[in-house]
Structures are given as structure tokens and as C-alpha cells.
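Chain IDs A, B, C, D and E follow the sequence of writing; residue 1 opens each chain.
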Amino acid sequence: MSSIEEEQEEQEKQEKQQSVLVLGGGVCGIQVALDLADMGFKVYLVEKKPSIGGHMAQLDKTFPTLDCSACILTPKMVDVARHPNIELLTYSEVLAVSRASKSFEVTILKKSRYVNEDKCTGCGICAQYCPIEVPNEFDQGIGIRKAIYVPFPQAIPLIYTIDKENCIKCGLCERMCEAEAIDHNQQPMKITVTVGSIVVAVGFQLFDAKNKQEYGYGRYDNVITGLDFERLVNAAGPTGGHLARLSDAKIPKKIAFIQCVGSRDEKSGNLNCSRVCCMYAIKQAILAKEHIPDADIHVFYMDIRAYGKGFEEFYTRAKEEFNVKFVRGAVSEIVEIPETKNLIVRVEDTETGELLEKEFDMVVLSVGLTPPSDSEAIENILGISKGEDGFFSSPDPQIFTVDTNIGGIFIAGTAEGPKDIPDSVAQASAAAMKASVALVQLTQEEKHVEK
Amino acid sequence: MAEEFEPKLIAFTCNWCSYAGADLAGVSRMQYPPNVRVIRLMCSGRVDPIFILEALKRADGVLVTGCHIGDCHYVSGNLHAEVRVKLVKKALEMVGLEPERLKLEWISASEGEKFARVIKEMVDQLKKLGKNPLRDG
Amino acid sequence: MANTDIKIKETLRSSELEPNFAEEITKHPGGEKLYLCYQCGSCAGGCPVGKITNSYKPRQIIRMALLGIKNEVLSSDSIWLCASCYTCQERCPQEVEIADLMLAIRNIAAKEGHAPKAFVEQATSLIENGRIPKITGLTQRRRTSLGLPELSPAPADVVKKIAAITGFEQLMEKLKEEAKK
Amino acid sequence: MNYALFFGCVIPTREPSYEASLRAVFKELGVDLIDLDKATCCAPIPIESLDFKTSLAIAAYNLSLAEEANINIMTICNGCFQVLSKANKTLKENETLRTDINKILAEVGREYKGTVDVVDYLQVLHNDVTPERIKENISKSLNKLRVAAFYGCHVLRPSSVLNFDNPEHPHILDDLIELTEAKSVQYMHKTKCCGGLLRGISDDLASKLARNKLFNISNSKADCIVTVCPFCFLQLDVGQLDVRRRFNETYNLPVFHYPELLGLAMGIDPEKLGLKTHRISTESVLKKIE
Amino acid sequence: MIDKPRIGVYVCHCGKNIAGVVNVEDVAEHVRNMAGVIVAKDYRYVCSDPGQDMIKKDIRDYQLDRIVVVACSPRLHEPTFRRVLEESGLNPYLLEMVNIREQCSWVHMDEPDKATEKAKDLVRMAILRSQLLEPLEIKEVKVLKSVLIVGGGVSGISAALDLAEMGFKVYLVEKNESIGGHMAQLDKTFPSMDCSICILGPKMVEVARHPKIKIISHADIVRVEGYVGNFKVKIRENPRYVISDRCTGCGECQEVCPIEYPNEWDINLGVRKAISVPFPQAVPSVYRINIDYCLQCYKCVEACGAREAIDFGQKPKETELNVGAIIVAIGFEPYEPYQLKEYGYGTYQNVITNIEFERLINAAGPTEGKLIRVSDMKVPHRIGFIQCVGSRDERIGHIYCSRFCCMSAIKQARQIKEKLPEAEVYIFHTEPRTFGKGFEAFFRKTREYGVSVVRGRASKVLEDPETGNLTVFVEDLSLGKPVEVEVDLLILSVGMSPPKDLESLSRTLRIPRDPDGFLLEAHPKLRPVDTHTAGIFLAGACQSPKDITDSISQAKAAAASVAALLSRGKIRVESMIAHVNQDLCIGCGLCQEICPYQAMTIQNKKSKTIPALCGGCGTCASTCPEHAITMKHYTNKQILAEVVTAFQR
């Protein structure tokens, strides 16, 4: 196979290392970064939050295997932190991108954590002594964190951050930190990097259930969203994994799941199916049963979309093994009983034509996926276009799944449209593939110029 | 009254199919009796008659599991395992030990339910058979 | 299955259905979005009338319309039981204007000679008096006692003229005839 | 600030107390109301049910009167508000229908141009008169009073046409009530229909719905109900007699038109407000606020 | 260091996953005083960064040389912790993992005490074993910068192009005459309504032209040997009776050929010549003689003339490829609905499948795109679609949803409405699964066309022998009423089945299949395109049903994984291999006989292992009559240590 040997040498000669920017540190961005880094490219991974991990880090278990989400994600997060080819820029945002001949010049703002990243050991003493407690966004505001914090124990990087809004500058953290990492005067930093390609993996934003007035989310204590539920059943969550009502900490015995909240809903401005809600609701129904075996659980749905590998079987198990009751009907309204804070769900069972008025202790809204909050900004900075659904879109989403209207910039994961984890991971690798091809071509062009 | 006899079961699993099957049983939260101690090998073909005999000195039963015929990660390891287990069974009969104390099962990576079932069934059977006379202690 | 009081055949045969019925409705203001209905039931779920009687099930009426069950639907009392509270319309995820759609179906029914007596009477009174309620002595007495001016008759002529042009007057006549039968 | 006052036909004929109290209150607040003499019925849902076009034409006619006066039209009846708003929207947006309708109007010597808006008097009070001004005019605190606000349907829905208030959790009427320092109580199924439009179609269903309403309100320990629609008023005031007859349940919940309640708070003589014309005696309330 | 091991034991809570059932503190306490155990700790998440740092610190502080991690399945985290050892300068094989999650806490939830006891036993077994562990030599081999892609459908094509662009040598093996797969048969794609062949055609040509890609069509995989980075694959090219290199694809032979036979590619409605290509855009454009139909009149030979491309003596040709990685992309087969007698497919002429419909509506199809029904060539005006044919059906063992049929039917319904606006179109479905990007909007638009969507699974179909019309019997679940709809043409939306040759291929490749019969990925969530065999990856519908978009994504993903692997240049090979003790070996050759990898050779009457070839199953070790063979990392000593301690109290 001499010819192949030669090719090998030829490949190895390609010394100059091309670099790439990955926007977003969720499971998708992580996969893109790892793939490209493994191919030998230099990767800048930019995440606006203090830690990578994205929504997946918030999940308790994954469907349909019920793997513990953290258990499969954290190793990958650790890999990112360890990888020699990856430069991790957390708590950072892209300010501007300009085309420099074939490549891109990217200006990144590194927001100040007011903690010296090199010195902080993540020991957590500071947080122990910090007197300020604020709702923890990572726990959907159900749990609390300190004004100096890491969002969750397995955070990568394990570096603390002071949120200035709430900090009272009492200086306790400063006094307690043996590493002398606290720096209240730390200034935000601008970094400029030149990359050959950009992959946008900024993920999604959950539909704001408050917009569905008739369900009373935000008004009724015991109406929660699917993501709230994930934190409620998670052992590392605010309740230590005890599924309880927010109004009175009682164990809910009757739980309803309501599907298509903000999906397939012209009125809510999201016509499309969010692709994950059916399965995560089924998963959560099963988890609820595991936490509260005698719980009576109803799922109110329009169509169950168990389309993926092993999904149908999972759906069947929920029905037959866990005796979860599935009722085909879109819930019309939820009424709170003022005294008990219980909830009356009003819905037609479209298979019997019966109007049901069922009382529940807790209602979980299976909210859909909507475009990322900062999609506007990114659209402006990168000049990549969106589809009718508001997600970033390829000019030909079918064949060129991960392309954008701008050569060298690619999209992946839920930033391109609702997806479950495997589809996001697959698309992540797909984008990595396209990016690598772009980078290789760039190298060849450069070689060409040299000659 | 004396408490129910709790048989001791040693199971050899191959890494690729049956150990994965056992993992799947766990992931799917399928419950089975805790009487079993699993020993992971790379292939059921690795199971040496000595292992079985030594195991039978300390347990009431031995279970050997591997990939289904044709699915062996190492092509043919399970074929050899099959032959060996048959031979050992014969030997056991000769020394007057119930051959049911030794069992061979093919369990694939997707048969978590089967793994749980096999363990349950075998433990129940061993309960009926009672303590293994060869077992010391 | 808890059904509306619309009496339909035990088995529906395409030969006996009228597939154009749905289209006819979509041509009528308010009925345009009929085809979009995906039978989720959020209309019926919140319906105050459906809650107290089995005789009215908006989703099922829409389904029948889509299937082309024409005469049974048009001749039923069911379509007149909608209280027009517009809750369904508020909730429909496909933005089907269900309450208005019911009005569209009623319009078609009326043309086919089906309408409740009460409505026909109110309409007739409107054509004749320019008002639906009649002015009685009691009314005037009450008004004066409250220092309100006596009511002058409403411009019935205007209404009458409009009703004549739109064929509304004739329609009412026809409906009164039907009622007599 | 002035408006073309559109009464419709039920209020002047059946509920003069509503008209009287409204005129009184607005006078106090210094809002000029121009009566539309040539106005006729708004052509409500019963008419629309029989022939959409006729109802639209009649509505257009009424709107054209306000256009002539060149002032926005103010309704005090949910039915009128909804029918006129819907007609106005349809005609403004749908050109072909507009031409059709104008052909008809031409015959009665009028034209619809689409130059005015339809507002409900609650909007006027809440947005134009403003709570501050109303408070200035309030002389008597009703703070002992527990009031159940009832909006009815056609001031809220379809919200895409009316965009009056949050259709699921409205607050404007509650706010206006609490200006009198009375407590606006919460009760279940607050935005559910009173059944008014079923009168004459199925009196049985109509009073079942009225009964549910009364039942939920009485659970909230309210002293009285405040409505903003003549049909709701009939359902809940006169309706209580019907409910007693059919279900043998007595609620004795006084029902007020909002201007009547406001009038009381402004110190207007109950006689002038016409409270005597109510079928359910308002005495209990009047005592409580003495 | 072997004689006096210093062991660190780390028991993981895994949040509540383990600690919720097993008393982890107790477990750690239980082994703390065992011989050789220096430290025994329990920790919330041992796999977390701080957890790993803790272990590293202990290795430094206490000079540990054996690590026992008591946590989840080694199949999940063994690599993670082996790396921890390496980074601490220890040999990775001095790690022992105990699985008390998947195989203890999760399966004995109701018996916490017994679970804890079992956990203790398992940990003791591991500690005893760990004392006997030996450091293994880490070997690296070169990775060949070439890849084999099995299957030339849209998945295989996109993977091939991407990898070729990256500069890797690609062998694309296709069992049919032409690449293109099912996508080449489709008329339009959903939801964009692009002409399918217009998108695919150019890519097929690109493949043919690309210097880095070699297409081997009309060929089968015979054997796969070797290991990641260095696979040896034997391919058999079946005879075309036309010499590829000489055939110019001019088609003159086809013109003179007198024989026509039904073209299965055109649902047997169209015909093809005995020497022909299946469709005009076929790639490679090399003609083939179907010997079963050929009269051997040799007209084609004349027509070909000087080019002398035709060779009736052609024999199957076997070639061997050496590649660094393999991508399996052999796709699916449409479910054949003969078995579902209630729908009368094969009996009633006017019942066809969705795939057949694609050819029927296709302008290049047998009817030039004229929608007609087979029985009387009349244009149908009432058309029905039956969904979930061969999907979500326990009776035929297809529990799974085929994922594309809903959209395909909705698209086809739309196409009919566009061609025949007056036509009545019915879709009888179980539940519409329009989950993809823009699918729901597409569905909504199609409803606006007046397509009648009936919720209910058709229970039977009857044909009127006179008219050939069909009556569909179904319950309208939205009304709870039985409905009987008469249609002129009925389309069965058939789902996807695993290809028939998948079973044999899965054996050749040693990749297990899932319960549905498709190929099993390494991890459904995070390694959807990897298999349990290093160096072999999956793409497209052979892993599970997928539409075009998702297949392409996955294909690119597989390509990325391959690229990452090949770019590394070197890769570690199995260190757990057999070793023959030359003194004990009697050269009987038994091991050589049973070794599936030909990794054993006999040199001067003694057996020896060829490390690179050894797969590490250890069958030889347990076969050797003289116990001369030790299986590294699974020695008799090590295994027996576990056996002995299993129930030792």
C-alpha cells in the first residue's frame, strides 16, 4: 500500500494548525469541539454562562435508556477541559466578527468573574461564607445559590463567579479565599482570534409557559414546567431528589403532564413540533412513578411522537409496566382551587368525546423549544440567516443540513431547530465534518499561495 | 423457624453481549435477586472448566453467559464455551451433582429483560435444589 | 361514545357523504380555517355548554363537517346551542375561529330552512321596530321616573330596507313558513 | 374628551337604571356623551347567526353615524361592543366585503369609511378618564364591601378583535371596582359564560350556566356582583328567580351595573341610580356601606 | 511493587443513583482494613473533576499503585479512570472497576441491605483481583488513511464525499449496479419539494469524478479481518459481463438488444433491456448483461465493436482492501406488505406502495408522471393513503415507528392535490408524526388543500371486482364511528425494514443488532454513530429508520468520527492479549486451530502470538491443555481470585 503511505506522509506534512471557533458549550458545542480537536485543529469554545454543559447538564435522566444525564455528559465536559487543542472561553460572548481574506477575525468579550481563573481552586470556601442567597438559575430558580457561586458541582471550569447584581461587597469571600483569587476590580477582557471556520451551536430557549395564560404558569404554585420537574427529581437538585409540591412541600399523588405547550400552536407563534416533549414527558412520568410508586399519572396529548430508536417500546412500557394513563386531548384550561392549591384540568378525551374535569396535585407543562434568546444578536454579528421558525437555517436544510448562507460558518444542534440529544450530537459531528473540510481546503489554498 | 435458604450464584459474562445485557437490565431498573456475583470476562470462550469447578466449591450454582451464536464479538468464542459447558455438565452428573447447577445462556446486549429473568429463574431453581453438597462453608 | 344529539348513521359510507360541505363552509366568513382543525379538542375542553350537556360538542360538529355529514348537522338543534362565549376561539392552537364557524354553519342552516323560533322572532322584531325589544308603557314610565327622556322609535325603515336588499326579510318569511310545518 | 354614546336596544328598554347611572357618573367625571339619535340595534349574534351580511350591514350603518359625527363610538353593552368591533375590523380589513356593504348602505344614503374606533366605556374610564381622576371624585368608601366582578364574554373575547384586557386573567374591572375601596374577590371560573345568549334557545341550559356562576360567586363570600353587560345582568339578577324556581336554590346576591357601584361611591343618591328597578333587592349592600 | 500493592478504594454515590440504595459509607468502611488497602473513601460523583483530582492527589500522597473505583459500569467510565491513572504516572491496567450501579443499586432497589452486602462482596473480589493485576505494555500501531464505505445510498455518498474532501482514500462498495439508493427512486423530497434526483444526481457524479473515491458496485463484502486502523476486507465484484474500464456508457448495445424485461427499479411497470443500466443517471454508467434473460445473440458485441467491452466469460472478481476504518451505510428495505392480507397488496391491482407511487408520479417514471391506476390506466379521482403499514405493528414484529411515512404520505397527498385539485384525498393514520423542521407547517398547508385526514387505522380493504375500486374500512376515532370510504387508488405507506443481508453482514462485521433488527450503536445518546467494534461506524437507516436529512447528518457525523480517527495517524491496540509460555508449550497447535484471528503461529514446534492480530478473547488460554497460555489482564490467577472471594465471609 505504498500509495497510502505516501498520502500519510503528505498529510503529516500539513504542519500549520488551522483554528476554529465553536459558539455554545452545550452537549452539541462540546461534541463539535472534541471532534475538531481530535482531528488536530485548534478550537476556541465560547460559552456565555460560567460553565459548559448547557441544558443537558440540568436534566436528571435521558430517554429512552434512563441513563443519568450527568453521568454521560460530565466525562465529555472533562475531556473538553483536558484537551490540549481546546481553549475554553466561558462566561464570554462574541462581540464582532469580520472577514479577513479567507478567514474570520473574531472579537470575544471575556466578562469579569471578579475571580482570578488561574488562582481559583474551586474549593468553595468563599461560597460557604458568602451571606447573600439568590435563586439559582441552574435550578430553575427553585433552589438557591450564593452571590459567589458555581452553577452546579460538576461545573467546568470549576471556577467561582461573583454576580455583581447581588454582591454586597462585604469582602468575606476575599478574606476567606486562601488562594487569593478574589478580585473585585477585575475588568472584562477583549480577546481577538483568527479562525478559518465558525460553528454556531448556541442551542435553544424554552417556550415561556407564562404566555399560555389559560394554564396559569407563574400564577399557580403547583403548575411547573418540564425543566422545573427535572431539577425537582434530580438528586443533586434543590430538593435533593424529593418530588414535592412548591406550594406546601407535600408529595403529589396525582400528577398531570400537558403536552404541546407552545408547540404545534399557531396562536403561540410556534407552528412546529418540538420533537422532544413527548419523550421527555413519558420519561418524567416514569421517573415520577419511581419516586412515588402509588402516584396516579395522566399524560394529556394530541399525538405521541415516539419516532426515534427505542422510543415506541419506551412508550409502551410507560403504559403497560408503569400504568401511566394517556388521554388524547389538548387541555383547554387549568383552574386553581384557592383553598387547596390543587388544580382542575379541563380537557376533552377525544377518544370518548367525554369532557373531563380532573383534579391534580401537580401539573407539569411539557414546554416546547424556541429559538435561542441571543439569536438576534448572533444573526447580526455573523450575518447568518434564520428560517420562518426563527431558528438558524441552511439555505437547503435537507441536503446541506449544517451549512449557512455564509461559507465557512456552520450551524448545529437545537440552534438549527428542535432536536433530541442523539440528533444534536450527530449534527454536531456533521458540522465538525464540514468545518474540517473547510479548514483543510483553506490550508491547501494557503499552500498554493506559498508556491 | 429457620429463614429461607439463600442460594449463592456465580455468573460469568462476556464483556460485549451479556455484561452489556446486565447493564441494560440495570438501566431499565429491572429487579432480580441479589444472590448473584457477576465475573466479567472478555469472552465466554475464556471460561475454563477450572473456573466452573472452583466456583462450585463455593457457590450453589454457576451461570455462564455469552453472545448468541453467530453474534460473538470474537466470532467463535461462544461455540467453544458451549462445548466446554456440556463436558463439565457430564462430569458433574458423574460425580452425582445435579447438572441444573450449571447453566449456559446466550444473552445479547439488548436483552436486559432476559438477563434479569435468567437470574431469577436460576435462583428459584437453586432454592428448590437446596445447598450444593460440594460447597464448603 | 358520548355523542352530540346529532343523529348520524351507525356506519358512514363515503357514497352517502357530501365532501363539498366542508368547502362550502370555508367559503363563508368565519369558516375559512375549518380545514386546519386537527381535532385536539381544546375547544370542547373549555366549553361551558359542553360541560352541562352532551348535546353540544364543538369538536365533533367540526369533525362531521369535515367528513361531509351535511343534512344531519344542518337540521340539528346542536349547532344552535353554542353560547358564543368565544372561549374555544380564544384557545384553538390552529386559530380556527370556532365560534364564528358555528355562525357560518348556522347561516347555511338558515338558508336550508332551519332556525330556532326565538331568533326568527327577534329578527322579525328588529325588522319591524328597528329594535329587538319592544317599547312598553312600563319602559317609558321607568325612564321618566329616572329622569330619562322617553324613547323615540328607532329608524326601522333603514333596517327594513337593508333586510330587503340582503334578502333577510324573505329569509325570515321562509323560516316562519318552515316553523309552521 | 367626548364620545358617541351607543346604547344598543336592551339597555334603554329593559335596564334604564344602567343608562341613568352611567349618564350620572360620566356627567360627574366631565365626559361629554353625544347620543346617536338615528342609531338602531347593533344586530347582535342572533341576527348574525341567521345572516352574516345583514348583521354586518346594520353594524356598518351604525358605525357610519359615528363617522359622520367624527368621534369614536363608546358602547356600554358587551354585545354591542363585540359586534361593532368585529364589524369594524372585518370592514377595515376585507375590501371586497366593504364594497359589498357600501353598495347596500348607499341604498339608505350612507357610507362606511372606516375612520372611527369602537371603545367600551370601561376602557374610557380606565385609560382616558384615568383611575386618578375617578378617585378624586369618590366621596364614600365602600371598603366594607366584598364584590364579585363579572366581565362577561364579549368584552374579553375574541381578544384578537377586541384586545380589551388579558382574556384569561382580566383585571380592568377589578381595578375599577377597587377604586371604590371595595374588595374585588377572586372566584373560580370567573371568565366563564353566564349563558345569556341561550335564553329562548334552551332556558334550561341558560339557567344552569347562570346557576354555576352564582354558585361560584357565593362560595367567595361576596356581598354582591358587578356586571358590565345588560345580558349578564338579566341572567344574574332576574335569573336568580328562575334559578330558585328550577333548582330551588336561593342566593339573594344583589347585582349592580358598574356605574351604579361607582355612583354609590361618588355619593350619588341610590334613587337616582335606579337601584329600585333591580329584581334582587340591593338593601343589604346599601346597609353595609352606610 | 507487585509483592506489596498499595490500594486506593473509591466508592461513588452517583447522587442518589447508588447512595439511594447501597450504604456507601458502610461499603467503604467494610474494606478499609483489608490487606493492602491504604485509603477507602466514598464520594458524591467520583467521575466529576474534583473526584478525579481526589484520586490523583491520593496517588501522590499515599504512593498508591492500585486503584479500585466502585461506581457504575466499566463500559461507561473505565476509559475515564484509566486516564486518571495514566496522568498520575500509573499503568492504566492497574485500575479495577466495580459496578454497583447497573448491577447492584439499580436492580435491587427494594432490598437495600442485601444490595449493600452484595456490594461489599463485589468490592472484596475486586480488591483481591487488583492485588494480582500487572502493568501491561501500551502498543500503538499506524492507522491507514483509507476508509471503506459499505452502501452507496445518500448516506454512503455524503460520507464518501466529505472524507475524500478531507484527503482520505475512500472505497465505496455498493451491492447494486448503481449507487444512489432509494433516494434516486423518489420523485420529490419533503418538506422542500425538491426534485430528488436533481439534488442527488450531481452528488453521484461528483463521487464518480472524485480522484480519492473508488466505486466498487455490483459487489459484496466477503470477509472482514484485522482491527481498528488496519482492516483487511475481501470484496467480491459480481460479473456484469461488461468490462467496466472499457465500457463508455454510450448505450449503443442497449439499442440493438432485442430482449426486454420488467425493470424492478421502475416497480416493474417499466422495462429494461437484457443489456442496460437501471436508470439514465446510473453511476457508474457501466452497462450490465442480465444473463438470465440474455439470448447470447451477440448483437451487443457487434454494436460495441472495437471497444470490446463485452465479455461473456467474466467471472466474479475478488479483491482485498486495506483500510483504517469502515462506515456501514447499507440503508433499509421497504416493508413488503404481502403479509398483511387485510390490505390485499399483490391481490388488488390498485393497491400500491408509497415507493411505487414515487415512480408513478415521477416525470421520468414509466408513466412519464401521469398519475394513473394500473388496472385500467384511468386517472383516479378518489385516492387513499393507509399509514403505519409495517410499522408500529406487533403482529409482524415491527414495534418501531418508521419515522418518514407520515411526511411522505402528506407530501404525496399534496402532490396529488397539485396535479388533480378536484381529487378527493384521504389519509388514514394512527397519529401523524410530523416532528421535523418545518414538517408541522407543511402538514398544516396540506390540510388547507382540503386533504381529508382520518384518525384511525384501516382495518380492511375490499375490492369491487367490476370497477377495481377499493373500499377502506376504518373507525374514525374522532367520532367513534365506523367509516367506509370508496377510493379508486389506494397507497400503502410502508415503513422501513432492516435489509435482508443485514444479518449476515452484522456477523461479518461482528456488530450486534438491536431488538428491531437494525445495527446497534455504541451508545444511543452520546455515541450514536459508533459501534462496539472500534473503527467501525454506522450511518443512515441501517442504524434505525431515518429520513434523508437525518441520514445525511448521521453520515457526516460518521465521517467526522472516521476523520478524527484517521487524522490521529496512530492508535493504541489491544494490550490484553495472549502470551505463550514457551517452556510449557508442547506445540500441539490447538490454539492455532481455534484462534479466530490467525494470531497464533507455530515456530519450531512452539506456539507464538502475533500481538497485532490477537483480539484478546482468551479462548486459547482456556483451550491449552498445558495451561501454557496466559491471557493478560484475565489470567487464571486473577479470575480465580474473584471466584474464591465471591462469597467468602
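Rule of thumb we're sticking to: contacts are C-beta pairs under 8 Å (C-beta built on N, C-alpha and C of every residue); 3 or more make two chains touch, one makes a residue touch a chain.
In this text the structure is predicted, and so the values were computed from the model without any measurement.
The chains in contact with chain A and with chain B alike are E.
Remark: among chain pairs A-C and A-D, A-C carries the greater number of C-beta contacts. Chain nearest the geometric middle of the protein is A, using mean C-alpha positions.
Between chain B and chain E, the centres computed from C-alpha atoms are 30 Å apart.
Rounded to whole angstrom, the centroid-to-centroid distance between chain C and chain E, based on C-alpha atoms, equals 59 Å. Rounded to whole angstrom, the centroid-to-centroid distance between chain B and chain C, based on C-alpha atoms, equals 74 Å. The distance from the centre of chain A to the centre of chain E, each centre being the mean of the chain's C-alpha atoms, comes to 28 Å.
Shown for chain B are the residues in touch with two or more other chains, namely 27, 29. Listed for chain D are residues 167-168, each touching two or more other chains.
Residue positions of chain C touching 2 or more other chains: 1, 3, 38-39, 59-60, 87, 90, 94. A list of each chain pair in contact follows: A-B, A-C, A-D, A-E, B-E, C-D, C-E. In the complex of the two chains, the chain A residues touching chain D come out as 213-214, 216, 219, 333, 335, 337-338. Residues 14-17, 20, 44-45, 47-50, 52, 72, 76-77, 80, 142, 144-146, 162, 165-169, 189, 192, 194, 199, 322, 392, 399-401, 403, 431-441, 444, 477-478, 480, 514-516, 518, 523-526, 528-529, 543-544, 548-550, 552-561, 563-564, 567-569 of chain E touch chain A in their complex. Residues of chain A touching chain B in their complex: 65-67, 290. Those residues of chain A that touch chain E in the shared complex are 1, 3-4, 7-8, 10-12, 27, 35, 38-40, 62, 64-65, 67-68, 70-76, 78, 81, 122, 153-154, 156, 158, 234-236, 240-241, 264, 266, 271-273, 275, 303-313, 316, 350-353, 387-389, 391, 393, 396-399, 401-402, 416-418, 421-423, 425-434, 436-437, 440-441.
Residues of chain C that touch chain A in their complex: 1-3, 38-47, 50-51, 57, 59-60, 87-88, 90-95.
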